[in-house]
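Chains here go by letter, A, B and C, matching the order in which they are written, and residues are numbered from 1 within each.
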Amino acid sequence: MTRLNSKIPEGPLHQKWTNYKANQKLVSPANKRKLEIIVVGTGLAGASAAASFGEMGFNVKVFCIQDSPRRAHSIAAQGGINAAKNYPNDGDSIWRLFYDTIKGGDYRAREANVYRLAEVSNNIIDQCVAQGVPFARDYAGYLDNRSFGGAQVSRTFYARGQTGQQLLLGAYGALSKEIKRGTVQMFNRHEMLDLVLVDGRARGIIARNLVTGTIERFAAHAVVLATGGYGNVYFLSTNAMNSNASAAWKAYKRGAFFGNPAFVQIHPTCIPVHGDYQSKLTLMSESLRNDGRIWVPKKKEDAEAIRAGKLKANDIPEEDRDYYLERRYPAFGNLVPRDVASRAAKERCDAGYGVGPTGLAVYLDFADSIKRLGKEVIEGRYGNLFQMYEKIVDENPYENPMMIYPAVHYTMGGLWVDYELQSTIPGLFVAGEANFSDHGANRLGASALMQGLADGYFVLPYTIQNYLADQITVPKFRTDLPEFEAAEKEARDRLQRLISIQGKYSVDTYHKRLGKIMWDYVGMARDEAGLKFAIDEIRKLRKEFWENVYVPGKMEGVNDELMKAERLADYMELAELIARDALHRNESCGGHFRVEYQTEDGEALRNDDDYKYVAAWEWKGSDAEPVLHREPLNYEFVEIKTRNYKS
Amino acid sequence: MNFTLKIWRQENAKAKGRFKTYKVENISPDCSFLEMLDILNQQLIEDKIELPVDPIAFDHDCREGICGMCSLYINGRPHGPEQGTTVCQLHMRKFKDGDTITIEPWRAKAFPVIKDLMVDRSAFDKIIQEGGYISVSTGGVPDANAIPIPKEDADLAMDAAACIGCGACVAACKNASAMLFVAAKVSQFALLPQGKVEAEKRALAMVAKMDELGFGSCTNTYACEAECPKNISVENIARLNREYLKAKVKKADRKREGGGFG
Amino acid sequence: MSQTLLKISSISKKVFMSLAGLFLIIFLVVHLSINLFILPITENHQEIFKQAVEFMTTFPLIKVMEVVLFGAFILHIILGVVLQIENWMARPVGYAVSTKSKTDSPFSRFSIHTGVIIFIFLVIHFMNFYFVKLGWVDPPAGDMPVADKHDFYNMALNVFNNPVYSVLYIVLILGLGFHLHHAFQAAFQSLGLNHPKYTPWIKGIGLIYSIVITIGFISIPLYFLIN
């Protein structure tokens, strides 16, 4: 266990970060100019980190796969960002944000990290306002808040239904400023293929130029991965089409441990699947649950009639509707955390009360709110979401209730990092969704944006200095070192091998098959037999993939299929790790629900005696089983309880 | 539904392109336009209809209308026939069964074709780098509520900030002008007290860069507004003109070096 | 000259174009109000016309304005042409399917074309009147005896009595009307004047203005054609 040192600073919870900053090592301005940092990914975490490093005077190289850093998938976050400002005077505080996040994460996150997150949350809002992020305001001109799941206060700042976009554009602006200043060099349409280690430290990356197809080498004193989550393992998810886990997975294969891969968030309010040609799922912001009421018919025959198209939602009288979240969780009602809401929807649909043509949908009804507040208010709050729903589903949500169903959305798991956000590879830092750190087994709404920006603006700029302080005498690395040579050859060989298979089926065909295994057996409800079966199936599929996939085109030039194949090859391995982690964790907590471990009324049954730890997996080769390392979670400051959203 | 697709194919930036015709059949009306292209690509790959197999390259990412990556010129309109919609949110039910659909890349000197329907829009990044931000560094800023901002101004700023940088305005404009894009960014900051400090410098620098990169000028046809998937108003262009003039006058006033109209 | 022109930003060019255009818009009102006296709208219309011509050709301030007017014309034309060339260059490869965008109107799309029509009109117009005044060309021949090179009344009668000229005149003025309809509101937009409340008014006034100017100018050859 010596390898897992979480480096949590001494002292009382609220002084840990202050103590850390007081005692950390710094790099002088003159020395910063000598040091280079690579940042992979330009989402909230990557862009904010790169911009901050540039401002401090480091030489930064930033990479993104899209044509512009502004397109990272953080942009799609709709609802908002949490902060403990307590502007509405409703009893919020740093402690309460911290506590809600720990509790929402089902007591599987590190106290010190989460407290720091809550502490810097307020700075984020200040920073974004200074950058010109047009947050929603009241008529007095002050910032407005709304509430999100898992909280009894209104602490969520928002910019219509485009909060992620506005925050990302803020960070993109900061990044652009540094590019202009020359401290940051931008490499767009570049995909990281491998991490390069020199003497056990992260010293560079291998990347493919997605336009020319050339494989290029880049060296630095430290590498930051901010490459997002791995939800696309499931094929259908709310992630962007190009979101992928390859950078993180390559780091894992180079020795970074992977933390809690089984903790995958299934978001309750997504537009249901409607056909096998579907390429992705669209999220409907959690904020909708502020004013929407979730229900299914009370009577099975009504549900059947709706599925058959004989009845419409509005035909069901009030007394025959089952507002199951309000019924089961009176204290939080429709605003229970995501994992709870998702499972409850699945429970109703599995029991035969689902609506929509497939029976895999529940209603999210705004009729009451429209009656109470008027259509205009609802339109002002959610107009763009309603419009998006209507475009996709071709039904007017002002008149008929929306239909929603859970979908894979976010991955709490990710590369294991210590308090400094450093992985088990020295010099490799991981930020945002790509790391495992702050959300435990379930993330609360509007906390992903908070974490991404906290990591990038306010954590990494400090902690990376602590690492780089003793690197000031290390000269810039040359990319003709044998380590770079070897890594590039490996990456090139792998791509060439994918092209040379010349099999029968497309990458998407295999991806869909992998996704189905994952959704059916490693999705919202998991059990031992299913997980074992899944591991078996994944292995078989992986073998078949490497024998029969067809990747057209060449190494040179634009080749989307090649990049998709490369990403899927990694998912094929990662999928097994997710299943393995889910299998080993004999408890239900947060997004991880094992049907064997539940209370009589179907709530998750945690096992704190045996599983109150972070599972950090170490790669041992494609055919060998990964090794489990445990980082025990010590709750010194909060009392662990069973999550209760009922009373 | 069945469709005939006339799609622009071009090997790379230097190659000569041409249209090729493809047929797709049994497409669900609920299928999105990009999913229809996925289906076509899947057929090209697995059925090996033509050799060498070369699936159609097009930019796309979030597929929920916000990343701004998708960029197709469909039957004479950027992002296709539906107003206020990106291609990824366009569904086949908006077409008639049996339609012939012509798909072209964005056309502009400043947006060279990379392959097929993919174009290089880094010109937009370059414009933003000239000043499409507030030059604040991380840390050391006042409390978020220290400066109240009238709701109307914040709302107008948000309207402008909704731009997704897709380039439909350039694609639609008969002059391939980027004025709406530049105007949206300049407006957002001109409306906020935080942005006013640098307003002059920003307007001058961004417009200069826009001109330098080979975008055309605005001749007030307003095709940009009609095609903007986020319905950004040309009022922003007027605001940009205003900001620009103000900056020019003030600059001349201060008798800085250079002077004159540049 | 061309170097300096290229250095001017696109927005500055548009601003100068708009200012020059607005000046020309005012000039047209003056021009039309004098021209209308060619028609028998009052008993002494002929006298009024001649007095107006007298005033316009001799009053010193008008002499100055004439220079400004030519300046405005030249500036407007040169900037328009330069902008157009730049705009064509901004899209070297065009679309196969021409635009189906739901924009305001074809008026702005064909601004340069109507501009060229107006330029042709200007050349003819100068040949018939202005160059005569300068003594460069002979006055237009016809039934009416032209007293001297300032006898615009009889010169006008001579040209309008030619039905071919009158028809051509009507066609060219229609081009001017199209141009003005776009130009009026565009000038305000280019100067940064767009307001949710007032812009619809500007557009409305622009429409009325362009119709009045068109009908006004057309009414003269029409009168001659009918009689």
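Observations, loosely collected:
By definition in this document, a contact is a pair of C-beta atoms (placed from the backbone, for glycine too) under 8 Å apart; a residue touches a chain by one contact, two chains touch by 3 or more.
No experiment lies behind these values; they were computed from the predicted model shown.
In this view the innermost chain, defined by its CA centroid being closest to the centroid of all protein CA atoms, is B. Contact count check for B-C and A-B (C-beta pairs in contact): higher for A-B. One inter-chain figure worth recording: chain A and chain C are separated by 63 Å, centre to centre, where each centre is the mean of the chain's CA atoms.
Each chain gets a centre from the mean of its Cα atoms; for chain B and chain C, those two points are 36 Å apart. Distance between chain centres (mean CA atoms), chain A to chain B: 27 Å. For chain C, no residue reaches two or more other chains under the stated contact definition.
In the complex of the two chains, the chain C residues touching chain B come out as 7-15, 83, 86-87, 89-104, 108-109, 111, 182, 185-186, 188-196, 199. Contact residues on chain B toward chain A in their complex (touch as defined above): 11-12, 28, 30-32, 34-35, 38-39, 42, 45-46, 52-55, 57, 59-69, 82, 84-85, 89, 91, 93, 114-115, 118, 120-122, 124-125, 128-130, 132-139, 141-145, 147-151, 154-155, 157-158, 161-162, 164-165, 188-189, 192, 194-195.
Note for the complex: chain B touches chain C at residues 6, 8, 19, 73, 75-78, 81, 83, 102, 104, 107-110, 172, 174-177, 207-208, 210-211, 214-223, 226-227, 234-235, 237-245, 248, 261-262. On the side of chain A, the complex with chain B involves touching residues 48, 51-52, 55, 66-71, 73, 75-76, 85, 87, 123, 125-132, 134-143, 159-160, 162, 164-166, 169, 172-174, 176-177, 179-180, 186, 188, 211, 238, 240-242, 274-275, 277-280, 282-283, 387-388, 391-392, 394, 457-458, 461, 504-506, 508-509, 550, 552-553, 557-558, 560-561.
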